[in-house]
Amino acid sequence: MTAACAMSLDEVNAFLMREFPQMAIGKAFLVEDVGPMRARLRLLYSDRNVRPGGTISGPAMFALADVAMYVAVLAQIGPVALAVTTNLNINFLRKPPAADLIGECKLLKLGKRLAVAEVTIRTQGEDEAVAHATGTYSIPPR
Amino acid sequence: MTAACAMSLDEVNAFLMREFPQMAIGKAFLVEDVGPMRARLRLLYSDRNVRPGGTISGPAMFALADVAMYVAVLAQIGPVALAVTTNLNINFLRKPPAADLIGECKLLKLGKRLAVAEVTIRTQGEDEAVAHATGTYSIPPR
Amino acid sequence: MTAACAMSLDEVNAFLMREFPQMAIGKAFLVEDVGPMRARLRLLYSDRNVRPGGTISGPAMFALADVAMYVAVLAQIGPVALAVTTNLNINFLRKPPAADLIGECKLLKLGKRLAVAEVTIRTQGEDEAVAHATGTYSIPPR
Amino acid sequence: MTAACAMSLDEVNAFLMREFPQMAIGKAFLVEDVGPMRARLRLLYSDRNVRPGGTISGPAMFALADVAMYVAVLAQIGPVALAVTTNLNINFLRKPPAADLIGECKLLKLGKRLAVAEVTIRTQGEDEAVAHATGTYSIPPR
């Protein structure tokens, strides 16, 4: 279950840049770390993500949670087939200031057909979470 | 509870364009209808929303659900103060084809402090839902 | 997708009483109707479900939603194998009075591996929902 | 935010037994610990919670999550007024064996009007979670 990763950080980044150019890895998101049943991503602050008052938009935080879960699954099982988000539940806790956001993903379950994950989103350098998400991914037959 | 709307469709569109330029009303989203405890929005198909294979991205569908809920609350209570999303749960049901998406929002509850809504997302002209969301908005003291 | 049911109302009731005695069909729950992609259940009011003040408990409403989804899936695919709840999200909207509750379930998706459903819970004879749930069932390989 | 608790473990137990006899504190549930922004509860294994095959029912795990969140809020703010569950999302990860379950609750946010919490449910003595829940409580004006 918590076996070693199937892909290294470099392999994950190379795969995402090649297969998902629209994720804008290196521009909108950075994969900072992958490990057994976990991943850490950064959402780079930019004008595109911002709401009036300087806070980061809900859809941008949703995207960070979604991509973090995908990366955690990918690092664990490798690029065998596309895992698909089937459910994502997000709680918005505090208005984030104008700064990069860090999403820490932990896989709660990695089954043959489903993966369940949680993501805690914090402003870089802060302890308190600004948002928290849980989600389910469907893993295609291998 | 299901009283008449506080704002007309034209008033909603004018308010959103003035206060939320980043929502890109008229470019990314169109508010097609508002009524008692409901709203209907269109997500215009564009390259920005697309995933490989031509399907529309999860974050774009999340944004459609979120904006549809906000508009339904706004039309009902008027622009007295900013309602804030506190929770959004979305189920992705089918891969949408490359076409406009319609989000039909229904307010399940409009209380003094909280509004709860559901949104069914369909490809225009189709019966089957491609995604379904429920969410909670916190309504500031008036 | 919305094909005829695999089981009639009588067959569903007989199956549940035989296989799930702890569901207390006929005592705690009644299956009132099944149809294509839908089911309607009644939670019989009893002292066991009640909170101080006479309102029905959250876990009792959760159980009604969960059983209604299970019955809708069962009626559609038949008792080939046990579908298992993987996710359930419930919004509590109003305090229900001391009376029977009706849960109306609609299947939003019935795929090979996953079913997604929504349940609206109302007090019998009332229009407004007291709770609303969405959930996912994993369907074992057939 | 993470200030000292308003109530001790003994005070919480005495309050729940007096005000919520139907929670069956001491019979169905035990509050094992409360601390700043957290609580730990035990669901005592009993025939009432069991499904065919010996596993614990979904509604019983839902109730454990719901009560754990309520206790964490209560310990933090005291018995000033009744917090009410407005949303609960639960992911079922593994079938629990026939044994007591431990629910660890952590408050992600304790605002003036809303509290958001997560609960991880494990079989006693095990590391892997069998279920994970997040929920929102509405806190009445004080």
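For clarity, chains are labelled A, B, C and D in written order, and residue numbers in each chain start from 1.
The criterion applied here is as follows: contacts are C-beta pairs under 8 Å (C-beta built on N, C-alpha and C of every residue); 3 or more make two chains touch, one makes a residue touch a chain.
Every value quoted in this text rests on a predicted model; they were computed, and no experiment measured them.
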| item | value |
| --- | --- |
| Pair joined by the larger number of C-beta contacts - A-D, A-C | A-D |
| Chain whose Cα centroid lies at the greatest distance from that of chain D | B |
| Mean-CA-position distance for chain B and chain A (Å) | 24 |
| Centroid distance [mean C-alpha coordinates] between chain D and chain A, Å | 28 |
| Between chain A and chain C, centroid-to-centroid distance (C-alpha), Å | 33 |
| Two or more partner chains touched - positions in chain D | 86-87, 89, 91, 116, 136 |
| Contacting residues of chain B [partner chain D, same complex] | 86-87, 89, 113-114, 116, 136, 138 |
| Chain A to chain B touching residues, read off their complex | 19-20, 22, 50-52, 57-60, 62-63, 66, 84-92 |
| Complex contact set, residues of chain D against chain A | 1, 89, 91, 93-94, 108-109, 116, 118, 128-129, 132, 134, 136 |
